[in-house]
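Across the two complexes that follow, chain A remains constant while its partner is chain B and subsequently chain C.
Now for the complex of A and B:
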């Protein structure tokens, strides 16, 4: 039998009509296998739908065999791979029906529900079924190679999208359910007020516990981290970008570029180890100790040292933000046409004048974008500060103990077993996550919008 | 002091140079600090740093080194498992998204996808970590442990208490980490695919090749250095992430999982072990003594060396890519 790969090339009306049977069969197979993919996703989510998996696998096998015979009759192609695929689907259907509800073996410390296996099998056979049926639905034209691959590519995209939307929906939903306005107006406090009273000439002490649930100090702390980080990292980041682009030679520029990239790429926990070692350097009672560790006064007027101050923490966070600003500054400087810069120099402007009056204003949108992204980074940066932060109940100023919304979520999980008062906020942790999500995603979105609009304003001729 | 000297000091180039040296100095400071800090651990423990027992106990002054068990082998294996799971999930998905945005989209679809990914990249890791526990309840609990962990459930479990009860296992950590990696990897892969000259693609399409064939034979081979460097950066990111793994897996694991590929157990990676040892934030870690802190520095040094190697390869690949584009 002669194989005819592209039968459509034969511009023959009779043959086109005869293809209709194949098209109907392939359309049905496409719809059905697409449904099987969705069903596979649902089976992976809900155990109880597992009963549908075996019949679905058998039906997919049947459809593939039908498709094989139609393709053979209409297109004169023996696509034996379809038969192999059908046999595999049949075999896996039999296998799934033979499996017990819970799988166990290989001494793995866990058991696997049957629906996990059957859902994955259904996804695999559904995807390949959609590929072949769509391919022959389009009569194996050259275009069919592309169109048939769309479902596979889109499947991955939609899976990722579903995961992210589940996360966002869950946080927004629970955040709205747990929402309390009082959380936003009170600062968290859990202290004991020691009251001294005189009775019969003797002082007696009574302890008055003060507990206030709220996240006001964490919100202000997050804003404080954003502000201090951007103040520290903006001049350094911009000068790194400018120096690499304008002044440095290949070697020095390469070294600075490498170390800037490396700071962002190496684990934040390494920076945290260095920060902890640095915190241990000043001795208790010295000025540097107060500046590094942060201090505040509790209700009794006693001085309380924190783990680290906002200033110290944001100095370390800005090591992560400097690369972002440096990269965006370089992008901005690279986007200037050489003619414009040379024109300025040719008119007699000095290099510094050109830099400050032409190049930096031109790359301002990029710098602002980098700064906004850095702010979002500082709000969510926990890798460095989760070893350096505290509850922050003694006030929020640059020299107070670090605290942030991201740390609060972490704190709630890891202190609840120790009976810490923060764990009482467990019932409102999704409010905290919601506010954090609004802050970080909001800043990122604003950065993207600003970049688009500002670059239009400055660069649109 | 003469005015000209002052002018030299306030030279703008000098100012930029001094400020630009801050990252270099910081990196040198970190490297030196870790190297100096790890000397104590190497002297005390030697090759026992790579043994298979890790216990976090009270460290007495002048303790016998034989009584200290700070083996990093479980943590290294945990890192390997987590990186393997997260990259194996995130890389194909991000490659598919990048191909969809670049070569398989018409109209505004590519722009919309890039916007989505850009917005998603703002989500901080603690959100994924928090959602890890929720995903555990939705997906892991019914899939991998039956309908409950107690023996009285219906159907009864073959073995009671097989999963850690506080919603954590290696697979969960890797899965959550892959969600963090996708918005990180997709722009890198997108850039790599975007850097392929349009002329090449158009030549291929005009010769009758379809889009998929063009992607397979023109785009991906041309962008391969960029794709590999994106993959390496993804590996580096998942190596260094510590919040999600600490939240979803745990801080330390005492020995290798048994059997060794068991991802339903907890195999805590290197970063969370460092966090526990470096202490400062946990009341549990007040028991960690000088040797323990030094072990944290040593583990940090290991991570730093791996990071430098990977970054070096990445820089080389990007240089190669640039040179090819110039040609």
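Now for the complex of A and C:
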């Protein structure tokens, strides 16, 4: 006689009653294991809850063994994994109860509370226990395979989401507290005005310190960096992409492709080292020195040179952005059907016309995505910015000293560590972070809207 | 192997005296290679001007390759090599500028391939690409009328071409080709992706253009070939097996292969 795989379907009253026993056991096990996950998270945060860990582990072990016997009786399957898991939970409980409250020695140079171990163990047994108990709670149907995995997937998803939202909440909360409107209307300035007066026929100099706290120049500087980086990297990146796709053969294209991908993965710090060496090459007073370093006039009318100019910094950032744009251009060109391109050529259109009126418009959404990623890098994700920027108090034109919000956050932290008594900015790093967050989110949104509209217009989708 | 050359030559003479229709194509010992593989093996054929010629034959016999070589689109395929002569109104197309040639020899593809633009822009793409000085509204209207699309689409000119049905897209591709006023139109299995209703309207469009353009149509559909074409060429393994007037080829084929293929008994 054929064995019934899904006992749920049996309409026998006695059996259904017994099956309910398995369901009840599985439900209780699900509840406890889910509780163990929550408790594990709590124990990792609060050491005092550690006392619950050992009993909970023993309870889980007991529930798993019960589940094993119910499964064996009802479904005629010996699910030995449950026993193994139960034994492991039991062993872990014993291990945790044997551990001293604080772990020291054993080359651990520090003090770790026992709850660290017990919390992680509870999470592990909780997650695996939920999987099994939920599986049998859903009467071991094929669909239960899928559903029983949901809690594990959802747990990790929620962990990631909570981490991100905590960061955003932290920045917004502190940013709102530290918010000063004056920061947005003032450009940062920290200079000394030297006043020359004549007394008894002799010149006397007195110093009048000028200090203005503000982030206006840093905001404009960030936008300037984004703009210059786009202007430099867009034509070059698109040209490289078009060249690889249209003109280079398989071999040359492969070589260029490989090298751009390799260049893409170069860390910004490696470029920054080169950039700093390059900055030292031109002699003071030469044209190249002015272009590389950037210059401006201070309140006394003296020329002041900076660390590096916007033009120089964005040229170096472009080196990292060009491969991204080239790659996305190529992807865009690849996605156009061969038929459509041949259709254009078959009308007698030149390759050039086809490229500019058909292929590039089609690839525009891809190119915009590449540019968006590039701009996000220019805005603050790059190490290169920290090493090439200054406070930029002498103006924001392409030939002034580079400055950006990302650098300012770093700089404010630096002042704090020095205990700078002058700076009003020292308590406003979260405002800066908030502004940077708004700018990044804003640019991403604009780019996405643009991408969608372009897709609709040029691809009809 | 050309069986009916004399009659066709008479036809050419007739058309050149009666109505001056340009666009006669003649090949002389045409050979096409894909790398070392000979796809077309010495072909001599005449496509008379102003007429519809159907090329039939089993898959892989070189129909599409032949068609693509007539406007030198085969050059875009890597490793494709054309030898021999293809004459368009007495000029060897292999010595012509490919862009000027493609302006005279338009092509409609197997799968509808409208440009990702509006219907109007699709029609005007050719004139813009070739910098033709034409009245845009006029061109759009006449081309759509010739392709029997004007009544359906006159209120939808600014919609994206992808929103049209697949049959309308294919007829739009024909209308688009007409905008550069070619002499020859190559149709590469234009109805293979269409349902019977769309196929019927496509055939109407093709028949409406008869006499004004030389049309060469590759097809797997015997009914279509019988319905629209004036002449039929049967190609097998890169060779021209039979060529003649449609009625004659379909009703009284000379070669047994042709008869078998037409009756669907082929190998």
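In the analysis below, the second predicted complex is superposed on the first by the 419 of 461 C-alpha atoms of A that agree within 3 Å, B and C clash if a C-alpha of one lies under 4 Å from a C-alpha of the other, contacts with A are read in each partner's own complex, and residues count from 1 in each chain.
In this text, contacts are C-beta pairs under 8 Å (C-beta built on N, C-alpha and C of every residue); 3 or more make two chains touch, one makes a residue touch a chain.
The shown structure was predicted, so the numbers you read here are calculated from the model rather than taken from an experiment.
**Q** Which holds for A:91: it touches chain B only (first), chain C only (second), both, or neither?
**A** A:91 sits against neither chain B nor chain C.
**Q** Under the stated touch criterion, which partner chain does A:340 make contact with: chain B (first), chain C (second), both, or neither?
**A** second
**Q** Does chain B (first) or chain C (second) touch A:55, or do both, or does neither?
**A** In the superposed model, A:55 contacts neither chain B nor chain C.
**Q** Determine, under the contact definition given at the top, whether A:243 touches first (chain B), second (chain C), both, or neither.
**A** First partner only.
**Q** Per the contact definition, I'd like the list of chain C residues that touch chain A in the complex.
**A** Residues 71, 73, 76, 99-103, 106-107, 109, 111, 113-117, 125-126, 128-130, 160-163, 173, 176-177, 180 of chain C touch chain A in their complex.
**Q** Hey, which residues of chain B end up touching chain A in the complex?
**A** Residues of chain B touching chain A: 12-13, 15-17, 19-24, 26-27, 29-30, 33-34, 37, 92-93, 96-97, 99-100, 104, 113, 115-116, 118-131, 133-134, 138-139, 142-147, 155, 157-159, 162-163, 169, 179, 182, 208, 210-213, 233, 236-237, 239-243, 247, 257-259, 262, 264-265, 271, 274-275, 278-283, 296-297, 300, 303-304, 307-308, 310-311, 315.
**Q** Which of the residues in chain A come into contact with chain B in the complex?
**A** Interface residues on the chain A side: 44-45, 47, 101-102, 104, 106-113, 115-116, 142-143, 145-146, 149-150, 152-157, 159-161, 163-164, 167, 170-171, 235-236, 239-240, 242-244, 246-248, 255-256, 258-263, 265-274, 276-279, 307, 319, 322-323, 352, 355, 373, 376, 379-383, 386-389, 406, 409-410, 413-414, 418, 429, 433, 436-437, 440-441, 443-445, 448.
**Q** If we count contacts the way the header does, which residues on chain A are in touch with chain C in the complex?
**A** Residue list for chain A touching chain C: 337, 339-340, 342-350, 353-354, 357-358, 361-362, 458-461.
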